[in-house]
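Both complexes shown next keep chain A, but they swap its partner, so chain B is in the first and chain C is in the second.
Take a look at the complex of A and B:
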């Protein structure tokens, strides 16, 4: 079955517009190519995708090589906000960009919820 | 212990990961992912962050080998790695002339960020359609009169060949800098 990109991108759009303080989200392939994204203006989709893939692959490598087990998420915390990477399926990586004001608990729950939706669509 | 950081770069499929695997004495840290772009026609997996290998060089010296991804979308990794390099090798597949222009762009990218010694490694020279050294150098922009970095034919699968390239680069680096660590 062909990928339903329209549905994938509407899940992303709903997530970004429906979750407080979320600024953007992207779904990319593990080798760093964009599938679909809703990003703040000025952010290049291709670059964001490549960075997401590189970061997740290094994180997973730390998980296996430094015996941290399988990786749930990579969490980048800056003074302006968060970047959160989660492996979605073996074909997709999910990136979320959130403002510093975002409540982490809400963010994690919403990510979990969106991941479930995305996984269904990617299956 | 003195550590020399050596970056291995070049277009996709030039043999960067293989190069590092051939000489590293530790199990190489790789970040291979299944390729879904046009690379998939050439090989199944592609590096998305870096490769890391290590080679002891006498009791007091060690080489840390860093391999870059080949695709330009990962140029932030090129930037991160090249800025801390003590020397670098650019591998070019001699039988894929359509990639020479891209290799030249990579060279420019590196040269804008570093002045450390460079060695050009020609790979896949045993395959039909492989270009001769002089023509390849011309294609990479080394016109007569322009100073050329050392060039070598490298078989990335062959430990001896890779070791020779590394030794040549270390020697070139020593000649240029007058010490092991530039």
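Take a look at the complex of A and C:
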């Protein structure tokens, strides 16, 4: 079945606009190609996609090497905010960019909800 | 990024214009090639040995330089014979020699100028031994094919190690290299 990019894009846009302090999100392939994204202006979609896939893959490799089991997410915390990477399916990686003010509990819950929707669309 | 030596050889042969006529010419001079091979090995390792870092690598273990020199003589002669008419054995052997260079630590930055020295020496011997210039051209093209194997071995070994350690896909790796190089 062909991917419904319109619906995927809509889930992403709803997630970004409906979750407090979320600045952007992207869905990318493990090869680092963008599927769909809603990113802050000035961010290069191609570059963000490659970085996201690289980081998740490397994180999973590190998790395995350090015997941490399967990795739920990669969490990057900077003084300006968060970058959260989650494996969506075998074929997609979900990136979320959030402001420092974001409440982590809410953020994780919203990510979980969006992941469920995205997985259905990617199945 | 597993390289298929046979396919790589075919691609490089075509790219370098290494023709059937070149192969025939080299084959018919295989005996001459064998007689000059020890001198060419000396030229190659004398050049490398003048570099302090290379000298350390070449003499890092007992007998290494001797083994490498013997391999060079065989390799040089094989450029004339083509082993199995530049077939699978020839391609595999070139690939293995490339990997040995990686393992020992003799990089393209050292091999390329050293090989240029060898080709200059070959040119001298051609004149001394009254050999035709087209033999030099044929040998140059064969040599370029072999240098391509050595350079490719470095790239393949490096990228395979990165892929193994990071879990990245080949496509992702190529994309990161392309975007990284674009940002330089």
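The working rule: the second predicted complex is superposed on the first by the 123 of 123 C-alpha atoms of A that agree within 3 Å, B and C clash if a C-alpha of one lies under 4 Å from a C-alpha of the other, contacts with A are read in each partner's own complex, and residues count from 1 in each chain.
Criterion: contacts are C-beta pairs under 8 Å (C-beta built on N, C-alpha and C of every residue); 3 or more make two chains touch, one makes a residue touch a chain.
On a predicted model such as this, the values are computed, not experimentally measured, just so you know.
For the composite obtained by superposing both complexes on chain A, the positions of chain B and chain C are in clash. Taking chain B and chain C in turn and counting the residues of chain A each one touches, the greater count comes from B.
Touch criterion met: A:57 reaches chain B and chain C at once. By the touch criterion defined above, A:46 lies against chain B and chain C together after alignment on the C-alpha atoms of chain A. Contacts of A:72 after superposition: neither chain B nor chain C is touched. Overlap of the chain B and chain C interfaces on chain A comprises residues 30-33, 46-47, 50, 53-54, 57-58, 61. Within the complex formed with chain C, the chain A residues making contact are 30-33, 46-47, 50, 53-54, 57-58, 60-61.
On the chain C side of its complex with chain A, the touching residues are 165-169, 171-172, 175-176, 179.
The touching residues of chain A, counted against chain B in their complex, run 29-33, 46-47, 49-51, 53-55, 57-58, 61, 65. Within the complex formed with chain A, the residues of chain B that make contact are 29-31, 33-37, 39, 46, 48-50, 69, 71, 73-74, 76-77.
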